[in-house]
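See the structures that follow.
Note that chain A is present in both complexes that follow, paired respectively with chain B and with chain C.
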Partner chain A sequence: MRGRGAHRAAATAVVVGSLILLTLLALPIVALLLRGGAAGLAQLGADRELRGALALTAQTATLATLITVALGTPLAWLLARERMPGGAVVGALLDLPLLIPHPVAGMALLLAFGRASPAGAALAQVGLAIVGSRTGIVLAMLFVAAPLYVSAAREAIARVDERYESVARTLGDSPTRAAWRVTRPLAGRGLLAAAVVMWARAVSEFGAIVILTYNPKVASVLSYDRFTGEGLDAALPVAAVLVILAVVPLLVLRSLRGTAALGEPAR
Partner chain B sequence: MRPLGFAILVSWLSVARPCAATPAPRADTVVVFTAASLALPFRVALDSFARRTGTVVHQENGASLELARRITDLHRVPDVIALADQEVFPQLLVPRATAWYVRFARNRMVVAYTARSTAATRMTAADWHHTLLRSDVRVGRSDPKLAPVGYRTLLLYRLAEAHYRQPGLAARLERRTPPSLLRANASELVALLQAGELDYIVDYESLARANRLRFVRLPSEIDLGDPALASWYARASVRVVRRTDATTYSGAPIVYAASVPRGAPHPAAGARFLAYLLSPAGQAVLRAQAVDALAIPRFVGDSVPAALHPSKR
Partner chain C sequence: MIEVASLAAHAGAFRLHDVSFTLPRGAWGIVLGSAGAGKTTLLETIAGVRRAAAGRVSLRGADVTHVAPEARGVGIVYQQAFLFPHLSVERNVRYGAADPAHALDIARRLGAGHLLARGVRDLSGGERQMVALARALAPRPDILLLDEPFAAVDPRGRTRLRRELRALQRELSLTVLHVTHDFGEAGTLGDLAILLDGGRLVQAAAPAALFHRPASAAAAEFLGAENVYAGTATPLEPGSDDEAGTMLFRAGSLALVGLGESAAVSHAVIRGEDVTLARERRGLSSARNVLDGVVVEVVTHGALARVTLDVGEVPLVATVTAGSVSELGLLPGSRAVATIKATAVHLC
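Then we have the complex of A and B:
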């Protein structure tokens, strides 16, 4: 009997704990949608600035995510398979951008890639400026969100048994070819989940972006702009409509995770 | 987690644990919202006030209009609000958020730059506008929709056009700043200038001094700094069009104003800090930080707290 009582208490604790956290997370979203959702959707038709900001946000966040997937997946593989000299140190350093307050991240990017820096001068040669440009937005999103992708991708790859790669190599594959043919499809769902988290984080970024690129405005900057210039009731629809529209790709990608469509062998 | 990582974490936590053994005695607190251009002078004044009185001070900085919105829209009420433009009080805060405000300092507009700005060696007060019009320099200014410094820059350009008798000058100066070089407030412009991203910015003299920037003092007919020229300044006006409304701002001498809003959590402490700020000691602190404190502060409105009455200061 005592065992069953303890079990019931534990089950209750699990449910209550989950409910508390879900409430904490859901209540602000619900409040936002109730206050601004309808107005935001109604505004979409007439408000060109809002549509432009939403499109810009989606484009830049997607580009930042694609770049990170292309460059970050090999890095995650190197880190997961411990094939990188000083990999533990590199892994720890990769978390640092997450520690930096976001406006400070914007300033750091400015110092490193602004036109007064050597890197910025080189970028300017090829016509890329990070201040007041889409490049700046993508760079800021990448800096604050890419560590989330690499970290989650590393875990996803580490969960795939290395012996599968070994088997492929005994059949004549090079290490990278084995990783591409065997590990990438097996880790596919984890990699997709990592990309989804990164994309969502990139969409919401404000602090680093507003330092580099105030115009053209992404949705977060437009929301701040409307709040300051016109007040809360002008700012909330922007944020609410961003949430409503971002839910669609998130739901689609999350549901893809549940299928075997990404090369995960059927069980 | 690997044993080594765990050991490092445990040792770090043992070092980083805050010392909670001796709780501090309950101290008086004052929360102050300050316009970005007042952030540094108020930091010094608040530190000085804290040392004198033992009050715990909290400062929040932002664009003047944003700070007003925090009160009116988010209902986050500080004990003192100090803004870069006295006009924000009648526009947004009086009478609902406060019944009164006090004008306590003035400022003027300057053109600021650094030693490495393009054409820095040729910059003079006499032909600053020629430098700003060069195609190889990058000129930054604040968004007139968000910050008083933004619409004041446009007023300055219009006054320059009248003062120098050069029709079209204001529009040409305005076009020198593309939207990509606009920023939300005066402080962000300074950061971009210091990072070498901009060559020249139009900003407050107090900010230029506080950040040790080079700057040129403009003729008083255009720098909005001389109360005696109020009627001349008023000749210039600028219409700022927002999505749902439009506001026309007329030229006026730059005057900073402050108040203790209704519903302040610590109104007595707020009034005490303002009384200190308006006292000779507080004015000396502001002047040392390049803020031109008014010798005789001017109160507007009624229900001014007794602690701020001139005879009590």
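Then we have the complex of A and C:
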């Protein structure tokens, strides 16, 4: 009897604890949507600046994601197959941008690619300004979100048994061709999920972007700008639209996770 | 031809050490060994998908140790088949083939013709292996590496697949290296048997020699020898040419005349099927070992029976037919006489 009572108390504690955490997570979102959701959606039609910021956010996040997919997938493959010398160090380096505060990331980018830096000066020579430009936004998004893609892509590739590639090699494929013809399709859903996570993270970035490129404004910077300039009520519709748009990648991710991994050998 | 010389390879923490053997062109080599012996690592190193840490791999007389797998002309089939799940059976079979018609012909020969339009996810274990074999043979390799390819196949399918593969091997002059746990396969298919243990080569010999002349007691036990005794041996009638290699082996009260090749003999090995049983001693016999014993246990497996005798406080197992057991009236407690030729007592 005592055992059953203790079990019931533990179960109650788990349920109550979960409810507290879920409330803490959901309450601010619900409050935001209730206060600004309808107004934000209505404002989408009339507010050109908001529409422009959303379009800029989507474009720059998509570009940052495409660049990362192109450059990060081979890197993820090397890390997954443990074929990169110093792979552990590279892995740690990749995690670093995730751990430093994003305004600090912005400052680091400013130092590396600002007009006063050699790299920034060289890029300016070829007409590619980083600070105060769309390029700066893409760079900031890439810096903070690319590690998420590489990490998730590495896991997706590692889940594909290496012996698929071994078989493809004995059938005449080079390592790159085997990775393209076999590993890429088998890890495809995982790679797509990784890209969606990166895109969503890039869309929500504020700290690094605001230091590198205040104007043109992405949606997160616009909501901050309105909050500091015009107050909470003016910022709420923009913020609510950002929350509503965040549902899209969330749904994509849920649908991707619901499907079985191709790379696991069937029984 | 596959020639492996002092080959070493790493697979995680596992190490394959100093493996050497030669498998002639068109021969069928069998790789035996317990789990973790290094069988798959050996195959993968020969295929080139695993790098050799030391030593040399030669195929068709050419050193390919540093040649990429796609340039080695070797097909590999794993136990799990590893069919590409995003491709149909037909596209799997044609994956590496320069001649699609030949690929499909091979698939039909192996009995996979009716599967070509299907996806690979709903294939049975036997069907998957048929497709994997066809896929490996489609690019016309002359060397085929098989990693327990029949393990997931039902007995009927296994016999048919083995027969077809054997016919294809002869027709195409394939050199095959085949990992298996099935000693029957080793006996029926193999020209050379390679026994690995703990990443090292224990013995490479013709299957009959491996089974009847194992290099060590551990090898004998792994290969299913029923009687392995630890003891000492002395040359019998030293100096006599007639008795060259013949030794008297003693293990406690047991004394056996057997054949050994080394002065450092420490074990005697007798396979159960080399022991003949009778109810009483008969007249003169050429057999050098005649042992009186008492039946301790009789275990019947289908047509065969495993009879354990107590011969001087030492157990001796004989494998005889169930019919013989019944005819001789061998029951626990009954007396029996075991006869073993000296040539069947392997000293190692």
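The criterion applied here is as follows: the second predicted complex is superposed on the first by the 224 of 267 C-alpha atoms of A that agree within 3 Å, B and C clash if a C-alpha of one lies under 4 Å from a C-alpha of the other, contacts with A are read in each partner's own complex, and residues count from 1 in each chain.
By definition in this document, contacts are C-beta pairs under 8 Å (C-beta built on N, C-alpha and C of every residue); 3 or more make two chains touch, one makes a residue touch a chain.
All values reported here derive from a predicted model rather than from experimental measurement.
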{"item": "Simultaneous placement of chain C and chain B on chain A, clash or fit", "value": "fit"}
{"item": "Per-residue contact with chain A, leading partner among chain C and chain B", "value": "B"}
{"item": "Touching partner for A:Ala194 - first (chain B), second (chain C), both, neither", "value": "neither"}
{"item": "Touched partner set for A:Ser133, first chain B, second chain C, both or neither", "value": "first"}
{"item": "Partner chain in contact with A:Met107 - chain B first, chain C second, else both or neither", "value": "first"}
{"item": "Partner chain(s) touched by A:Pro216 [first = chain B, second = chain C, both, neither]", "value": "first"}
{"item": "Which superposed partner A:Leu148 touches (first chain B, second chain C, both, neither)", "value": "neither"}
{"item": "Shortest CA-CA distance between chain B and chain C [superposed frame, angstrom]", "value": "13"}
{"item": "Overlap of the chain B and chain C footprints on chain A, listed as residue numbers", "value": "none"}
{"item": "Touching residues on chain A, where the partner in the complex is chain B", "value": "47, 49, 107, 110-111, 114-117, 131-133, 210-211, 213-216, 224-234"}
{"item": "Contact footprint of chain A on chain B as seen in their complex", "value": "63, 65-66, 69, 72-74, 116, 143, 145-146, 178-184, 188, 191-192, 195-197, 242-245"}
{"item": "Residue ranges of chain C touching chain A (in the complex, touch as defined)", "value": "44, 47-49, 68-70, 72, 74-76, 78, 80-82, 84-86, 95-96, 120-121, 135-136, 138-139, 141"}
{"item": "Sites on chain A touched by chain C in the complex", "value": "161, 163-174, 182, 185-186, 262-263, 265-266"}
